[in-house]
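Quick heads-up: structures coming right below.
Next come two complexes built around subunit A: one with subunit B, the other with subunit C.
Let's look at the complex of A and B:
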């Protein structure tokens, strides 16, 4: 259970909220052009070609993490079916599909001060003009890696590796204290 | 004035004899109480510590660094060299070396002076002043040369005890510090008239603007300007309206109490915001300070100018201050810095100060102008006011002990000849030496400074590549209110356009204000006294004088960088804000050169002293570094495990029972594994999933082993080298499918191995169809080791036949355990029958507890890393980083068997063929047995043939691992020994520092079950 390693209760402050998001199925997809098209087909969602952009369809999302790398998010119950569908759709096409559902977990940071809190440990410019809704990137928070995806103007989906979750949670909480956390 | 304020007014007037009756930006209706050196004083809201003390006539605020001379406040800002104090809230909240001119007063503030013993009035160290002749420039380098033995016991302790100013607190700092990254198109540093108009212009463009200023209020020189008119309004009113206008822009961030302290490449600028230091009761939710790391497209430096002191004999007595500081104390803080003033003027700021002081009721004894024919609005106004003005006058000296009580004023001719000295009594002596543009940040950006002869100052030159900045107002050498407003607006508008904004409407700011004046005097002022006896201070904080600088020049220190270090001029905590230009002046005089020929010294961050807390930010305590814990961590904690740090991970080291020490616990754990069953958390092992049609080919290239023929469902122990042929990492690799390998790495090597693989893949073999995915945290790993392992495991496993024939040693299979997916390895790092059960971390605790419950039938024993180390050492298995140290080849550690001989290439292969790598005399892995059968050797100990040989001894090798073996009943050790494999059976000596040596016999590194019978225990 997640609670074996990290508290999961939400942290509230004036203008910003940190919460643990529900479990996701996660696949790391790597491959070249032909495989990308086939994977899009199998996943039911065109994997974004533009760098640092995410696409959503229904319960599924695909986050561009690198020129040949995508993080695929889905309901946990869908993972096996997606793996099976990919196996037939991608037969003969060089690619890598690895289940990383348990490798990381998701935090939600929301509210008008969410970007301000992120700026406590990350040097990116979170202005909407430079980090628009739909943008995602692997980056850092303090001394740990994470991926940040802006799903709404004032809402971020954060992916962190399991064992770094307590650090990230503590780091964000420290930066929420002045707002009442 | 409302009647209700009258009582407070009278209180202030009675208690604070030097407080003016009205005016200034203080709130006389809000009295505050504070203490300085234990004595209680009153002040009012809006005061600084310096202004509040001056309101009581207290000038003496510190003792100087070297001579312990009494010193008073000299400036009203961040350039203050003398009035350094320690402010304490409690033992952990004690800040030394704060400038009293920047410490905002709050109720209950407690400050003490520094560098004095026992008190500021009577200071034992003051005796240094009488021995000044023995403490010349560079005395540090001259005096303590001999005898050599005195250095450690006498000189250094004495120097350390007498050096330094405030004391560093020793209690932990309970305050919090945060950092914040910020981005803007235009960053304006300095919120005086130039900075304000720069921000206005940039704000209109709609771009993001940050305006910061080190003072408690934005406004800069306008805060003390009671005479100028801007756009038909008093400066004070214009300031209020301008700040209100800026506040209406949502794209503008206003940051008072925020110092731009460092300018780094690519317009990365460090600001420090003092969030709570000015509050009587800070909210613990607020950080004490916040470091803003700003990435700005364009920067406008509106940092103003510092006034120059004048270099005349005894220019350092309390009561001698900069002219503009006196203006500020009167106009902004409502404080008279004295009763009777003499003003030494080389610039019109002297007249401005004289007029402000006279207005407040201070008697102006004389304005002694160094210039022969001063003119201009300041001069005219002073004449009209009937002030006593003498021209062509120098200051030949001053008198007074704890406070200046007189100035010797003399006439000076065009030729520098001095005559007609006249002593005038005064308790305040002002220095108006002209102005120095504040270009610390400009210079820190590596942009050039250039000399401007007209204003006798360095001004901004070429901007450094990769930086985008400009200066405005006095910082750019454009003096006067008119120029500040117009150059500021222009700079802000230009910066906005350069940052991609639209042009803005031009604004003209019509002012009625004092004429700009760039007059100055640099160098030692002429006098008619013995130049070898008088001291005219250049650097007040480090106590260096014109005489010291001249001596340095005589002794050959021509370069300003050398003379600076030799005399320590400009090297104090104020970084020479008041001393740099006077130093250049004196050096130029002494060498008969011009100032640009002398050059200038380098400006370095921080602009003003900056706390370490700022740089640490949130990185302290639990947030110092990520602490990684496994899914089994809390279970182990519940069992009383002792943890050790392995990289960022916490790993259970051993599980002591009541009364057990580590050795007893480890012996018990070892026995349990060998005799029945142990359970071990191996989750931290690195895991990399290597997938793609070229996976086997990639593995062939990265590892020394052959992989092509490894069957699906089988494992192999893999060894990876660096390009130099030395062992880099190892681990078991399982083949899940033709195109899929499950690679494990050491715990500490996980990230670097993945990086190295990715590096080769991207730079050397981009054509390979293979991809790498870290799976370290996708799987928790439960190691079940011991003769009973299969029996306990079997009931929980579905879909895998665990029989020895179907699932032999080094097999891997996917199936289910306790209803969840597993990748099950049959591997052994202990030499016993063993399984490593990979399960999703979310289910790991449940699986672990199920196995543990079942294992209770066989006394299942949880064991930690220490037992794991002993068990593997008994089997002669190496640990990378323990048996290897970055200089061990596979052959050195007995792994030649692992090399795929038929492979064309692998990383490190070519290096292994070099002669030095195949030398039979290389150190090789061996086992060691203590001849006395008792002594557990020291890891790291040196191994020699003859411990009695003369030093330096010929060292044959060293002990790499050493343990008491519970299974064997005697100590065992692994070692790297020169030509070790050819020395089997020899006896060598292991050195024990201070105790001689221990005889050891060289044996095979496999101590236990060499045949491997235990692996297949039934």
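Let's look at the complex of A and C:
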């Protein structure tokens, strides 16, 4: 259980809220152009070619992590069907498709001060002009790696490895204390 | 903090990167006829430039790809950044 390793209750402060997002199905996909086209078809969503961008369709999202690497998010109940569809669509094409649903955990950081709190532990520029809605990237927060995806102007989806989750949660809470958490 | 331009992700903070040593060192196609000195040279001998140096970096906490950078070791100014497999730009 996730709640065995990390608290899952939301943390509220003045202008910013940190919450645990519901469970996702997660696949890590790596492949070259031919495999990318086949995976896009199997997933029902064109994997973004532009660097550091995410695409959404219905309950599914594809996050560009590297020039041949994507994180695919979906409902947990859809994972098996996507893997099966990919297996037939990608037959004969070199690729890697790994189920990482349980490896990561998702945090939601929202509110007008969400970008300010993130900036407390990461040197990226979270201004909307340089980190627009739909941008996603792996980066580092304190000492732990995570992926940050801006889904709305004042809302971030954060993917963090389970074992780093208590650290990241505590790290963000420290920065939220300034705003009354 | 250095701002390093990743050819895939754009300018990023130094924290996201790992240094990967001197760039453009080709592994000998057929190592077996080499002398011990030649092999040791391939493995261990590196330039120690005071000035312009081509080197590999890895954007490990980003796109995770290796790439090449031309950097002035006296000023840390980065003069060029290009993908693995591309040639060093002639201008630098």
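Everything that follows uses one rule, which is that the second predicted complex is superposed on the first by the 181 of 181 C-alpha atoms of A that agree within 3 Å, B and C clash if a C-alpha of one lies under 4 Å from a C-alpha of the other, contacts with A are read in each partner's own complex, and residues count from 1 in each chain.
The criterion applied here is as follows: a residue touches a chain if its C-beta (ideal position, glycine included) is under 8 Å from a C-beta of that chain, and two chains touch if they have at least 3 such contacts.
Everything numeric here is computed off the predicted structure, so don't read it as measured data.
J.: Give one of first, second, both or neither to describe whether A:41 is in contact with subunit B, with subunit C, with both, or with none.
T.: Once the two structures are laid over each other on A, A:41 reaches no partner at all.
J.: Check the residue A:167 against both partner chains and state whether it touches subunit B (first), subunit C (second), both, or neither.
T.: So A:167 only meets subunit B here.
J.: As a test of reading the superposition: which chain, subunit B or subunit C, is in touch with more residues of subunit A?
T.: Residues of subunit A touched, subunit B against subunit C: more for B.
J.: For A:52, select first, second, both or neither according to whether it touches subunit B, subunit C, the two together, or no partner.
T.: The second partner, subunit C, only.
J.: Touch check for A:19: first (subunit B), second (subunit C), both, or neither?
T.: neither
J.: Between subunit B and subunit C, whom does A:96 touch in the aligned arrangement: first, second, both, or neither?
T.: After superposition on chain A, A:96 lies in contact with subunit B alone.
J.: Go through the superposed model and pick first if A:7 touches only subunit B, second if only subunit C, both, or neither.
T.: Neither subunit B nor subunit C is touched by A:7.
J.: Which holds for A:140: it touches subunit B only (first), subunit C only (second), both, or neither?
T.: Only subunit C; A:140 stays clear of subunit B.
J.: Figure out whether A:154 sits in contact with subunit B (first) or subunit C (second), or with both, or with neither.
T.: Neither subunit B nor subunit C is touched by A:154.
J.: Kindly list the residues of subunit A that each of subunit B and subunit C touches, one partner per complex.
T.: Of subunit A, residues 69, 123-124 contact subunit B in one complex and subunit C in the other.
J.: Considering the complex alone, what residue numbers of subunit C touch subunit A?
T.: Answer in residue numbers: 1, 8-10, 12-13, 15-16, 61-65.
J.: Tell me, which parts of subunit B touch subunit A in their complex?
T.: Within the complex, subunit B touches subunit A at residues 176, 178-183, 208, 285-287, 293, 295, 618-619, 622-623, 625-631, 633-634, 648-649, 689, 691-694, 769-771, 773-779, 840-842, 844-845.
J.: Could you pull out which subunit A residues touch subunit B in their complex?
T.: 1-2, 4-5, 28, 30-32, 68-69, 94-104, 116, 119-125, 127, 130, 142-144, 161-164, 166-167, 170-171, 174-175, 177-178, 180
J.: For the complex, which residues does subunit A have touching subunit C?
T.: Those in contact with subunit C are residues 51-52, 65-67, 69, 123-124, 137-140, 145.
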